[in-house]
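In what follows, chain A forms one complex with chain B and a second complex with chain C.
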Partner chain A sequence: MKYNSIIIGGGLAGLTSAIRCAEAGLKTALISAGDSALTFASGSIDVLGFRQNNALVDYPFEAISQLPDGHPYRKLGADQVRQSLNFFTGQMAQAGIEMSCHGQQNHSRLTALGAMRPAWLSQPGAKPLSLAEPAAGLRRVAIINIAGCRDFQPALLAAGLKKHTDFAGVELTIGDIRADTISLTARNVYELRSLEIARLLKRDLFSRPEGLTTLASAINKAAGNADLVVLPSVLAVENGNQLIHQLEAHTGLRLCELATLPPSLPGMRMASALRQRYRQLGGLLLEGDEVVSGNFDNDRLLSITTRLNPSMPLTADHFVLATGSFFSRGLDSNPSSLTDKTFNLDVVTAGQRQHWSNQHFLNGSQHPFCYFGIETNDHFNPYQEGQVIGNLYCAGAVLGGFNPVAEASAGGVAISTGWLAAKQITAQYSDVRGNHVESH
Partner chain B sequence: MLNLINTSFDNCLKCTVCTTRCPVAEANPDYPGPKQAGPDGERLRIKNPQLYDEALKHCTNCKRCEVACPSGVHVGTVIQLAKARHGGFKKGPREFMLSHTDLMGSLSSPAAPIVNAMTKLKPVKKLLDKTLGIDQRRTFPKYTGETFRSWFNKQSGTQASFQRQISFFHGCFTNFNDPTVGKDLVAVLNAMNIGVSLLKKEKCCGVPLIANGFFNKARKNAELNMSQFAHSLTKTECVIATEPSCAMTLRDEYPEVLEVDNSAVKDRIFFAAAFIAREFARGNLPDMKPVPLRVAYHSPCHLIKAGGVIYTMELLNSIPGLEVIMLDQKCCGLSGTYGFKKENYRTSQSIGQGIFDQIEALDVDYVVTDCQSCKMQVEMNTDRTVLHPLTLLAQSLT
Partner chain C sequence: MKQIETEVVIIGGGATGAGVLRDCALRGMRAILVEKDDIANGTTGRNHGLMHSGARYAVTDQHSAVECIKENRILRKIAGHCIEETDGLFITLPEDELSFQDKFISACHSAGISAEPLTPAEALRIEPNVNPQLLGAVRVPDGTIDPFRLTASSILDAEEYGGRLMNYIRVTGLIIDNGRVCGVHCINVKTGEAVDIRALQVVNAAGIWGQQIAEYADLSIRMFPAKGSLLIVDYRINSMVINRCRKPADADILVPGDTISLIGTTSEKVPYQDIENIRVNPDEVETLLTEGTKLCPIMAQTRVLRAYCGVRPLVSLGNDSSGRNISRGIVLVDHGEADALPGLITITGGKLMTSRLMAEMATDAVAKNLGNSSRCETAEKPLPGARGQQAEIHAPKVSIPVSGSAKYRHGERAASFLSDDQKQNAIICECEMVTRGEIEYAVNNLNAKNLVDLRRRTRIGMGPCQGEMCSCRAAGIVSEMTHSDNSENALDSIGEFLQERWKGVRPVLWGDAMCEADFSYWLYDNLLGYNQLQSIPAPVSEQLCTEQLSTEQKSIAAVESV
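For the complex of A and B:
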């Protein structure tokens, strides 16, 4: 069976690539070995948050030219990175989520531990704060939990916030909404995860005509007249941003929804919006299967075989490898070497095992292993024993040469490299067919 | 003793992705979800069997947790085996009746008109509801007066005349309830110059037996089927099944759940669409005329699990003039025998609501799905008729 493009990996990079191929009218299949890291993600997109010296980045696109050679962004250039993110926001909007940003500038998003992380795009419910003055205009912040939610600790958030000098003059209050005041009837509310609370609320509260006002008055009671009310993201799986908006209208308060421990509802929302968009464009999604081998002929990948259908190879003109890093099992390591698990492509690595990481896990300095990953040329084609594979592109965390955590760049790299892979693929179709299939 | 226990569930990272995708956990808060029921609970149960949780009975074995798991844990299988090990299955007359599909079929089929008329009657349904706990709101599957096997026997001569031969595992539903799909398969394969032969004997693949805790019976069936396959594969290319759950069980569940070794024949067991799609790719394409219909495709849980959706889509897309809209990949909620049980009716209907709403909102001529159980559920809950992909393919034959 033959496809124009086969995308391997169902995370942010794979979905972006797949959506762009499908939108251009290519017969596209996406293979995903289980759900992606999006299920655990904050639901915001960072492009570039920190410089090499750990200083905050104000304008991420401007800072790209100062990155070291070999960084994926340097191969793309700032213009293409910006275009790819515009493409992404457009797709998210079409799937019903309007991502917000502060022009070309980064903003701060609050985390459940009270840390500030720089990001460029956030879902509206996340209430982005100013990067330079996150506490501007805030005199009182109320942190409200749904009693029983074990994924959110208001005291930890408050303690984390107090560490920021900006928040020194801000009064922090902590409040609870009891399960019975919002009609939650669970066997044991103290067992509940964020996802379970959202499902119970949908069934027990929002199914009633007065559900929304009941929750709104509970929030009002717990929060008083705070300038900002912080809630764990437990209210709704789908349409969470719309719900926050409605609650703001009812309460007259500014509500900030924080991603909790996994699963993260804002992350799940983003993943399902992207999958829905891909499906609407006619893309084929194959979940729960994984690629076990590739059939290469010199500089080309001809076909792949999967675990569930080993005797029937899937053929395509172009492939995108977006299998993620160690956590997503795209990369694998053993005591002496590092490998790409799917095709055994050449990887960027450095010296002996003892030099892969620092002695202390969290001492503030960067770990070399974070930069490890597949080595590519300027078109993001990988090498296999030194030979470039021309119809295979790599995208996202499986790439080497960048540090997604220390730089706060995971989202932007995933989107831009996935986008570029698809751009190069679709461009070749306009060549072959003599008509232009590109839409962006 | 501990080292003899399969601890592959320890690959679980506690990420909870499985629970986000579990249709039962979404519909029924009494079910703690696959993570807690599967890998988390397994640790406790190894320590002390008393820690077995009755809530495991809510699992429908749809396997969506396994499809979603990024760490390759066989969550659904862990749950099924735990239920078997700790007496978590209720095995009353209702469970016996619902799961012994081949026995019930061979008893009911000869009296099909009477049985069909009876199971439509309200008082009968009420009686079954009260005495057995089979929900009276369900529509029961009809039985056929002429089984697929007896239809097939009349033309086994024609089939033998083809040079290429495959073995067809027809399954209980095609044989006793509705032989349409079997007949369509024969028509399609014949148009591709391939003859069909049946196994000398075939028993239920075991899906409903596993789901109701009759593991010993399922294992006996599996052993019989495997010996039949071995025999039949000396004369035919492969064994194919049109029912996704049958295909998945024969190929994947025999070794994983029933510990019946099928390694000698495993690579020659195919889901029908996979076999046909491979033939198409090799150029063995029958002449097809346009079928100008707009259809919505619903992907069955066990087909997703077995990796077969790609082949069905390939077949549907190869039919000229057919417009195919893929529905969200959600569970229909019936899950074979699960939704027939009175205590599961609400959960079952609530799981399927998303699919029913989506179908009603679309302006389509038919719904298409590979699974007979999904077909029952969709037809009971929407205005649409549900067709098997092979039926559309057979219609397109010139």
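For the complex of A and C:
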């Protein structure tokens, strides 16, 4: 089987790349090993939230030019990063999720521990707060858990909010909607994860005609007249944003849905929407499989072999490697060095192990291992023993040279580098097609 | 200033201090134990957890060997829930002298330790993961002991007899009146509050930190700190303790414990002023891996979970400053007799294995000074939890792995938190099967004040994920239990807990550990934004810093951002 493009990795970068290839009419295959980092992501998209000195970024696109050389954004330039995010927003809208933003400015995304993270796009079920004054217009906030979900801690969220001087005058209340109120039955409801609660609610509550009003009145009772009601994202996966909208209509309250401890339903929802969009465009999705080796000929990757089909190599003109960082198993390490797990490409060198990390785990530290990853040229082509591989592009967290967490740039880098890989691939195709020459 | 009066103050919440508190309480003395951190946080909690048969010392130190086998038999009787009777193998590898075996066996026998020679085939049958190249093996009654549980149970027993633990209370000086030690000046490290505890007898059981306590009275106890490092691997790769049958050396003991195995230890002299800042070095990790793989080759393919190190409290007696006269045995000093400073007793040296005996010796000295003639019962009276085997615990709605883990850790006391209540039975730490009920029990009954303490009482966060999900869940429970005024502390304790876990992961940061650390970092700093909570209001918005402010405001912003 021969493809125009094969995308390796089904996370945000791989999906963006695959959608763009498929939309351009390329015969595209996407190989996904399983759940991606989106399962552990907020469901918002950050582009650039912090400068290198930890200062907050108000306007992410304007700040790109000040990033250090070698940062993926510097290779793209602000205009292309913006174009790629517009493309992404359009695709999400096509898939039924209208992402919201504050114009060109970042907003604050509230987290389940009451922290504020800068983001640029959020799903409508989450309520973007102002970056400078997150508590603007808020006098009373109600934090309501659902069925005592162990992966959402209202007391900690309240404690986190109280750490913001802006929330000093805001009254915080805590509540819980009991499992029996919303017809949730399980062997032990206190052990359910977000996804299990959503599945049971679909079966036991929302299947009933009065299900929505039952939940709405429970929220009203628990929240009183709060200006903002914070709920754990446990109500639904795919149609969660619509559900929040309907509940707002029923309750007359402003509801904010927050990702719990994993799995994060807003993140899964985003992955699901993008996969659906990709399939709609005719793309082939090979799920549960992974690439075990590549057949290289000098500067080109000719074909790949996967775990499930070891005897049938998949051939393509172009490949995109978007396998993620260490926790997605795109990168691997041993006591003395690190490697790209898929093709053994050249990686940003790391020095000795004791210099890979900082002695403080969370305390504002920038761990060097976050910057580790595959080294590329300005077109995001990687090297293998110094040799550029011209028909292979790298995208997302497998890339080196940026810190997705400390910079709050994970989403934007994934989308823009995935988008650029596809842009470069499709550009070659339209040339070929324009000249009416068969590709092979 | 808070003032408390009692009969005995014990300094140091290790196995020995906890043992003294228990012994004093059982003999009817009013006693308070002060600990600057949490129980078992020092050397007690940073060793192999090996229940020595004494075989390791048989050839080089008969006296210690005899002490060990005696205490070994006592612990089997009184601390069943803290120990596992795994037995141990002393194996001879091709690079070792097989002739040492005979010497070893006869030394064991003369110390009263059973030592049964096995053929390589017999050894491989009972311990399939042992290095198949072994030339011979000797089976001895080694076992494992959980030092956290031993210490917590001793405290629990003491408290039930009127003793009292005050953790997070640091001694800042000794109260000395008319040439007599009459108590301790302390500070609550959490609140900063000063506390004076007046007592008739003060017991210095502070281990390696005992030198500082003695210095408060201008006495000199010279400690020679020796750092020992260990690695934890993520599976229980051996079912018996495995030693090398040769003179004790680096990294030659592999001990199974709960769900994991431990390889250790190295030995390195460290300057006394560095004892708070010791770390596991890369070359120690290398040595531990290389030597451990010789004991069980499968270790090379097993994930290393974390590394840690402790300091052995070796004591130099008299005025020997060279360190040649270092004792590994028990050192008991009644400073009334030795230095004409009555009221102060120091108990130090020794080993985890002999901590009960050390406590007995110290308490005998206290009792003598106080005219208390009650008999020591600590060698016969089982610790709370030790009767788990016989206990009937009714919890039909709890799955066997959960009730089994609870019983394994808390013996018959597990009955007080295993119930039919769904909320209580909800699993909070899936790696180690810790329920909400167990967490509440540890907070209410075992003096656990934060997440790090909870780990020592329950094993929460000690599994493969190193506390990724359970730290938030448990912090939520602690904050619910202790009401809203403590929520901020609970939130802060997540960071402390993860930092404490990180200390152990960082020396072995590769492969799966790297994968897990990357995930944790992503989860806490990205998804949950934890770092933003710590640095508020440090990250000043760029616009505040620059053009939009007047010069005057700028200077304020600059000051605030410092």
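The rule is short, and it goes like this: the second predicted complex is superposed on the first by the 434 of 440 C-alpha atoms of A that agree within 3 Å, B and C clash if a C-alpha of one lies under 4 Å from a C-alpha of the other, contacts with A are read in each partner's own complex, and residues count from 1 in each chain.
One rule holds in what follows: a residue touches a chain if its C-beta (ideal position, glycine included) is under 8 Å from a C-beta of that chain, and two chains touch if they have at least 3 such contacts.
Given the structure is predicted, the values throughout are model-derived calculations rather than measurements.
Once the two complexes are overlaid on the shared chain, A:P262 sits against chain B and chain C alike. Contacts of A:M99 after superposition: neither chain B nor chain C is touched. After overlaying the two complexes on the shared chain, residue contacts for A:V405 are found with chain C alone; chain B is out of touch.
Once the two complexes are laid over each other on the shared chain, residue contacts for A:L392 go to neither chain B nor chain C.
Within the superposed three-chain model, A:A41 lies in touch with chain C and out of touch with chain B [touch as defined at top]. Using the contact criterion defined above for the overlaid structures, shared-chain residue A:T306 touches chain B, although it does not reach chain C. By the touch criterion defined above, A:L285 reaches chain B but does not reach chain C. Once chain A of one complex is fitted onto chain A of the other, the partner contacts of A:R329 extend to both chain B and chain C.
By the touch criterion defined above, A:L56 lies against chain C but remains apart from chain B after alignment on the C-alpha atoms of chain A. Of the two partners chain B and chain C, more residues of chain A are touched by C. Taken together, the two structures place residues 40, 191, 262, 329 of chain A in contact with chain B in one case and with chain C in the other. Considering their complex, residues 37, 40-42, 50-51, 54-58, 109, 111-117, 131-132, 148, 150-151, 153, 155-156, 158-160, 162-165, 188-191, 259, 261-262, 264, 325-327, 329, 332-335, 352-354, 356-357, 359-364, 367, 369-370, 404-406, 408, 410 of chain A touch chain C. Within the complex, the chain A residues that touch chain B are 1-2, 29, 33-36, 39-40, 186-187, 191, 193, 195-196, 199-200, 203, 262-263, 268, 276, 279, 282, 284-289, 306-312, 314, 328-329. Put simply, chain B touches chain A in their complex at residues 15-17, 19-21, 25-26, 29-30, 32-33, 66-72, 267, 274, 277-278, 281, 304-311, 313-314, 326, 328-329.
Residue ranges of chain C in contact with chain A, taken from their complex: 282, 285-286, 422-423, 425-428, 436, 469, 472-473, 475-476, 479-480, 484, 487-488, 490-491, 494-495, 498-499, 501-502, 506, 509-511, 514-543, 545.
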